[in-house]
Amino acid sequence: MELNVYLAGQIHDDWRENVKNKAMAKELPVRFFEPMTNHDRSDNIGEEILGEQPNAVFKDEAASAFNNLRTNVLMQKADIVLALFGDQYKQWNAAMDVGAATALNKPLILVRPESLHHPAKEMAKQAQVVVEDLDQAIEALAYIFQKN
Amino acid sequence: MELNVYLAGQIHDDWRENVKNKAMAKELPVRFFEPMTNHDRSDNIGEEILGEQPNAVFKDEAASAFNNLRTNVLMQKADIVLALFGDQYKQWNAAMDVGAATALNKPLILVRPESLHHPAKEMAKQAQVVVEDLDQAIEALAYIFQKN
Amino acid sequence: MELNVYLAGQIHDDWRENVKNKAMAKELPVRFFEPMTNHDRSDNIGEEILGEQPNAVFKDEAASAFNNLRTNVLMQKADIVLALFGDQYKQWNAAMDVGAATALNKPLILVRPESLHHPAKEMAKQAQVVVEDLDQAIEALAYIFQKN
Amino acid sequence: MELNVYLAGQIHDDWRENVKNKAMAKELPVRFFEPMTNHDRSDNIGEEILGEQPNAVFKDEAASAFNNLRTNVLMQKADIVLALFGDQYKQWNAAMDVGAATALNKPLILVRPESLHHPAKEMAKQAQVVVEDLDQAIEALAYIFQKN
Amino acid sequence: MELNVYLAGQIHDDWRENVKNKAMAKELPVRFFEPMTNHDRSDNIGEEILGEQPNAVFKDEAASAFNNLRTNVLMQKADIVLALFGDQYKQWNAAMDVGAATALNKPLILVRPESLHHPAKEMAKQAQVVVEDLDQAIEALAYIFQKN
Amino acid sequence: MELNVYLAGQIHDDWRENVKNKAMAKELPVRFFEPMTNHDRSDNIGEEILGEQPNAVFKDEAASAFNNLRTNVLMQKADIVLALFGDQYKQWNAAMDVGAATALNKPLILVRPESLHHPAKEMAKQAQVVVEDLDQAIEALAYIFQKN
Amino acid sequence: MELNVYLAGQIHDDWRENVKNKAMAKELPVRFFEPMTNHDRSDNIGEEILGEQPNAVFKDEAASAFNNLRTNVLMQKADIVLALFGDQYKQWNAAMDVGAATALNKPLILVRPESLHHPAKEMAKQAQVVVEDLDQAIEALAYIFQKN
Amino acid sequence: MELNVYLAGQIHDDWRENVKNKAMAKELPVRFFEPMTNHDRSDNIGEEILGEQPNAVFKDEAASAFNNLRTNVLMQKADIVLALFGDQYKQWNAAMDVGAATALNKPLILVRPESLHHPAKEMAKQAQVVVEDLDQAIEALAYIFQKN
């Protein structure tokens, strides 16, 4: 059995590569899906496909259409959602993904540093599992496959 | 026909009273639901019911259980979700409610100032309607009932 | 028992008043819902609430957001969808409502003149009932309540 | 990961071959489904299987049964629906497919020339993505698979 | 609390009146729904509304459209389905209603004389409760409301 | 793409082998599922596994448990249900399968001789397609895969 | 707004009256549903309605049919499930209700003494809220309605 | 066709190996999923991943998060749930899995010794099939695949 895991969270650093490397090191039968992680590409994809928009608001609206198409398709394919929160950026998309995942009954692994326990408390309580770093998240994934 | 509307968003000021007053002034047949808006009560409800917890993390976990119970019950009763975003606070709960509402096919009215168009762009694209202030949101609600 | 009926179809004449009068004459316990039937209002509602838009495409996009909000809320409240097709206008919204109604398992009464049997044939086959005029549609509604 | 895409829209020209060729040129891992695109066959399939029908209305009813069987089976297998609208034909089937796709939470790519923005505005607002031609639609599909 | 009960089964005698009288005698807070029980009306409703059809097959097809519309609307309103089987008639509609009820998670009370235990065995095993006569069925309904 | 087809109907003759041979002759990419077609085995499976039961009613109840387990598992795996009705036997299981299939949104091909049009009329109207013999049913399946 | 609450748990003492009295004292707008709490009646209902059964196993099977009918109907009407666990009895029905409630997305309040934390730990983690006694459970219900 | 079977029940002995060996001996095309069956590991997994917890209650809460994540993922992948009950241990998790399986429409095979017929009676009535030992359970699985 192979599981699909959607990696929700900010796209400003390469934390997803970190996750993939750790999973590969443990030889977990897991396939990862993710949003467009090239930040500029993610912001410009609307104008790239549709051409110049009247102003920055419409540019953003155009980009988010393509980003949401991608997220919706991939989230529906996912067996598990792994969402990372940190102390930078607003991370509203990640929080929105948390809400969608729990409403869709997708099992959810929430990763947040202990320092964020207060603002993340309601999200945490919706998650199947809350951990503090990516190593723990990988151990949670591994536990699903372990024999004993 | 009477509609139930859940008011998602921060609980640090009295914007919900504002919404209710505007709706009442227009005599809209709408019933509003909301999270616990007494911020201290919302933070302390876990220890208030369950007694003292080992530390701040567990205190938060306890509180969020009761807050989520309330939100889950009320969101399931809602015909429409109205979510407000501003430039203060993390507002992850509101973003999580946006994700849950769209996954549950609850029509969503998103209110955000134009200045937040960039971080809110993916949430905006999931919403049925995006407006910039509460007056516009009330007009959107009113439009559902208007004859012509 | 009272049933909610959503009246899908063009908004260029007053056929809905016709339906309501016929239902009232038969004293059917039916509550009708409908899109905004003031055509100008329906086209302008976006700019009316959000202010002027950059061009006609964006004006339409803004208007359709509020129109869809209304349709989504009311269709979810409906027990039956009654969709009228005629030989004028594109009527894509009505056809979209037919698709949504059948996917949501909403029983559907399709009204189309016999002359339109060819282009409407796949929609017709999705409907519970196909009739040729509004009198027949009202008889179909009445049949649900008749004792014998 | 391979995605299934249902191609909704008129069956009077070979636009679907165009889509397939563009997707193949980009080596997208996509499998396309479509209605019967031989127009005569689509119109005659009822009598072909069931024998002669009493008149043209019943001939159409018979044909649409087999066409809907095909569409229902294939739409349920689809991960994405791509719907094309042009300025010819009524295209009620495509609009019905748009309604069904959104009610079934199938991500939807809507393709319509800018000239049709007004009649297609409510359908457009239901779509994840609206583009103006097939090249843009293919770019939207490709974006789902792109790494960065 | 008032419950809606759909009475599925043959329409050749007045067994439903029997059920209603027994329920009224026990003052059960139950509202009964049923198909058109005037057999001639049920067979003719298609031609009555749509006019004469080409032959008996098409007359039946027309009638069943209106009968199914009625059943679909009322079954969706039901909290419980009570299905009666006897040793006369084919009763395929009742068996179809049994299948639909269990697939829709509607609790089902199956009434069949012991003599029919063999042909009804798979239907019986899908039902929540199997009884042999209408008195027992009423006792089953009553048990839902009894305090102790 | 390969489709799963569940063959519902009586188990007193070998009509299913007939279907499979016709499908194989046309090289349709279809996998067939079916109930236990050894009639004695189907009647005795309860006592075979659980041991002797108190009487014939309980013997039947035991058998139907295993038969329903099989049907439920296989029907959930099916993309299409093909249900055959003839003029012998009660065929309540087939009618129940018709109801379950339509409630589960499984596309349904109904096969019945024209002579049965009256008792099968409501089932027929729920089906995507109604045909009169197995050759026509196979043509309906083939149409799903045909290119043009 | 009035909420329906299903009270799951053992039926050997009058803890449900306790809950109702506490709720009434706080004037909570709550309607309680419950299984048959007369233990003898619950065990005998099968033979009471259907007559004597062959042995104790079949007597139990008959009784559980009517008990499950009641539970299924009432659980579907519930907005919240409150499940009590104690250190006596097997309480498998209560645990089964916990599983059904969470699978049906019914918000769940779990009441168990701290001494049972180990065997109830997986059930506890599925619940929205875990409390140790009925007073706390009532406070959780009250919190849903409190203004501030 | 290969079926996925989730093995619910206590984790204090090696009954699952017994099931797997019997299935392998019959060459059934079945893939088994199961909870963590190393009892100590299952109890300690929370602290193993998250570190020491404040007390035994919180240690259990942490462990159950990871156990539930595993169960939720695997149960969603299952086509059939096989649940074993014996006369030792509380087995609340197994009963909870029974409730979840039936609410999710997962076909359920319940295994319980006859001696437990009374406390297991409501669970038994929810199951598709009730048997008394694992050999019978394997025969039930085999029956799904048998040709005749």
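Things worth noting here:
The first chain written gets the first letter, and so on, giving A, B, C, D, E, F, G and H; residue counts start at 1 in each chain.
Note that in this section contacts are C-beta pairs under 8 Å (C-beta built on N, C-alpha and C of every residue); 3 or more make two chains touch, one makes a residue touch a chain.
All figures in this text were calculated on a predicted structure; none of them were measured in a lab.
Of all the chains, the one whose CA centre sits at the greatest distance from that of chain G is D.
When the contact pairs of A-B are matched by residue number across D-E, B-H or E-F, over half of them reappear in E-F. Here the CA centre of chain G is 23 Å from the CA centre of chain H.
The distance from the centre of chain A to the centre of chain E, each centre being the mean of the chain's C-alpha atoms, comes to 49 Å. Computed from the mean C-alpha positions, the centre of chain B lies at a distance of 37 Å from the centre of chain D. In chain C, 65, 68, 105 are the positions where the chain touches two or more neighbouring chains simultaneously. Residues 4, 31, 33, 36-38, 41, 45, 48-50, 65-66, 68-70, 72-74, 76-77 of chain B are the ones that touch chain G when the two sit in their complex. Within the complex formed with chain B, the chain G residues making contact are 1, 3, 79-80, 105, 107, 109, 128-132, 136, 139-140, 143-144, 146, 148. On the chain H side of its complex with chain B, the touching residues are 54-55, 58. On chain B, the positions that touch chain A within their shared complex are 56-57, 60-61, 63-65, 67-68, 71, 85, 90-93, 95-104, 114, 117-126.
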